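In order of appearance the chains are A, B, C and D, and numbering begins at 1 in each one.
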């Protein structure tokens, strides 16, 4: 069983299986070499830090449509508890329950499979209820610090946000790179801004979710050609949704995660970064976005920070 | 009601209430200026990244003794679910429940109160079950990137780990700084290594928990004098436990968090970093350790990374 | 500080504080004597059992409006796990997170306070984050089996469901008792049917939630006069909502739980029971509805069964 | 692949697949007819109610050995929250996370599979992460009220508790029935007391868990011959553990749940019931033990009550 055209042909062109060895679980993150990180650190000019995560809260971006993907539920289990008797120092503790893909997050490579396979040809059934992802779990990514590049597609086009039916194409990415005066290099983490996050920030999570602009199924080849390490954007769906080709659902997920082995970030808030980059006319920065090491997890909340 | 001597006198000397304004919720993190961050980025030499977080798993460091502080419980809510019909692209999703202070974490300023007060004199009862910490929640810290300095007390003393009854003193910190050839500066995040983490890594979480070496109640004055932004170490208790003065429980917590307004990190794995710093003979690096922005939370898991 | 009229006067008339001793935590459940239970068992005629609980599922009755009251989230933590090696007997395990008041549930006496007091005059602040309700927790109710009586107000009025602005009055209860040919006695658990549950069963949880028919603030005196042990109905709000008197919110909750010490049940599905009672022309039965003994909890899911 | 001897031969003798139709998901609970329930109600003599559930709390019976089976974690999400403004009626709400098999519980038929099959020959892979048990979920049991019979094996033998290596045999069950002066009939729910619960009640959950007396693999034939509807006992493991035959793990689970389709109850506290039955010299009673209807769940906490 295979996915509809043009998926198979693109898949063949971007496939990275075996590129970093048959046991590799990191995929394109291998492209973040020590040298890339040294150069990333050298991009820091002002020292300003811009956080890219949405607050983790019960009224987060999830609308309840995706089964099991629950917004964070926070509860106090101790409040000013004087553990050692009356009048002693008091502590407060909290507990949370959350869907790992619910908020600003990384998809681990194991988040998606197709035709029974994960990245590097591993069997999809290596993910089990007890233990989760034995292969490609987010815990395998021990650190994620690199050069970040903002491709501000919306600003390059002079709009606040792209319309809901806009598929971001390779040409759009080139245009945004040129607008930003930046050249995407091997090992970069590319942040693609559509402006769709404004819908959520304005209070309408349903409009944010769907329909959504997002990456075209033509973009994985662009990412592959540029040897990008990872890509994140400011939408719930990452890719254009509903999809471009009838019956071909989530093709970008399958191409990025399964074929290329490239992690995807979703629900990143790029609004402040957009303003900061425009003001400084610099679209490259040090990006720190290390996953929380949940063992066997197929995703993780992340609190990314751009250092300008 | 006040805490036993010598707490009140020390508290007076290290108190930062009002130093950054009466509305301040960041405390010593204010010391991380853009300039500090620029210089932190400039410390990067090799580009090597060393992760400092323990894996988030059900058999984490918690033994069950601290009420409500549960190790992470991970469950899959979808495994290779073909959301759009048979043969389509499949996704996997996870959910977790965890105590925010259970693993490698930051204590938010609101984590501790004494005598009815939080940092900056705010009332302790501003923490509520519904909403958590209205003041000093971990979500107020939007980013935490600075220069990190490893004070490897154990290695400076030529031991694998300090004994369980060793209170790390200001003199120990000076000794470790000298050993590392490093000068602690304003805005630094100081990592204090005791080697206690080895007990957990060797498989004995009970021995790891207690008794534990840790910071002496004399150290807050040292941190205050050096204008340190934050301190983390490789123990469950952070401070020496059982405490140095009978009946004076958790004095370091109260001095750091309440009086100084300085975040504390616990359960950080400094073993690999210790080796890396020793090999390079450099004990300063870029440290990225941004909290997950759980709204109203008094702590957060964190995945810190040192970039050497 | 006191609640608006006519609350204080009614409260005085229905107050049970001290009636069963100053340490009592059971309230009107004390009225369920062994004799009441013997007679309840004697009401069984056919042996038919009618379940009254809604299924516990992620798309339950909660709409997200009540903070923290989450529908059940179910996840598998083991699926056909061959714990003792390949080919051995396999087990499956699940974990859930749920709001204790989210589905078909009992309110414990500690669920509501007013003017700083719980039932029997206990201080409201005896409920703490660590430990929950020290007084009046649902775990104090060790068993709840008694005679159940259905007062089918909707059917007595010849309608499928009462309109959203219908406050069920003492006269309505008398009418329904007469319609059912039943006399409410001391120790009975009274089930009041409004038909509002049909809205949820038809798929509209928002219409189910609000506006909702429910009990009038005049009913607690009726329950008090009849020495009812507990009352449950088929609505989310239990009482008429929005309330009858402007600015007097949740008066029935406060009268029942705080003043009388009478547990309340909500979101009970009385549709099948309504049909069964009508067919048999008998409105009394054995009711078994023991709370799950969550220690310190202010509510609990319950799976009530009527035995006809 | 099949399980070791003597499993296959016993399985053949007790197998109930198809007995109640090929679509049946209730198994031996079909034996609880209206008539059985009428007779069960008629056993009530005194009206005394004896609860059989352990309190649901963080320091429950689970020791952490069984992966994912977590003791209940209770947290308050609202405490005396004045939802409608200062001085209004206040409410408290709670949330829990718990393993459904963690405390006093029922195993659903779907809890166990062997050789790829569930009860009635259904495929084991009908249990999925998203949705849980499509077949044999605990939600399919809408009510569970019947005659309960206590077989007090420990008391019949004149001991407080059976030793850890005692496998309860059919002869033991006969002896206890004779001791209790009771005849087990079709549709009965049989409670087998070993006294092992005393270990937990005395504070040693590890000793409670293992080694444990429990049912012999010879007992399923006894239950089958008596057409018992369900069986519960006062151990963590239900069956003797470690098992009687080397390499044959959990044979009783597989025989009861998969072959016979008979629900099992574990961690039931039978201590008070033991005393009550002995005093009254009556070992039959009305038992109410309806599962919480978690949709797709393979187990459920239950709060059983015996009415004497």
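Definition applied: contacts are C-beta pairs under 8 Å (C-beta built on N, C-alpha and C of every residue); 3 or more make two chains touch, one makes a residue touch a chain.
It should be emphasised that the depicted structure is a prediction, and the values quoted were computed from it without experimental measurement.
Path length between subunit B and subunit D in the chain contact graph, taken as the least number of steps between touching chains: 1.
The angle needed to superpose subunit B on subunit C by their Cα atoms is 180 degrees, rounded to the nearest 5.
Chain centres here are Cα means. That of subunit A falls 45 Å from that of subunit D.
Mean C-alpha position of subunit A lies 27 Å from that of subunit B. Across the assembly, subunit B contributes 67-68, 70, 73, 75-79, 92, 95, 97, 128-130 as residues in contact with two or more other chains. Interchain contacts join each chain to each other chain, per the touch definition above. Across the complex, subunit A is touched by residues 58-59, 64, 67-68, 70, 73, 75-79, 81, 92, 97, 128-130 of subunit C.
Touching subunit A in their complex are the following residues of subunit B: 1, 3, 33-38, 40-42, 44-51, 53-57, 66-70, 72, 74-80, 83-84, 87-101, 110-114, 124-125, 127-129, 132-133, 139, 142-143, 145, 249-251, 253-254, 286, 288, 290-299, 301, 303-305, 307.
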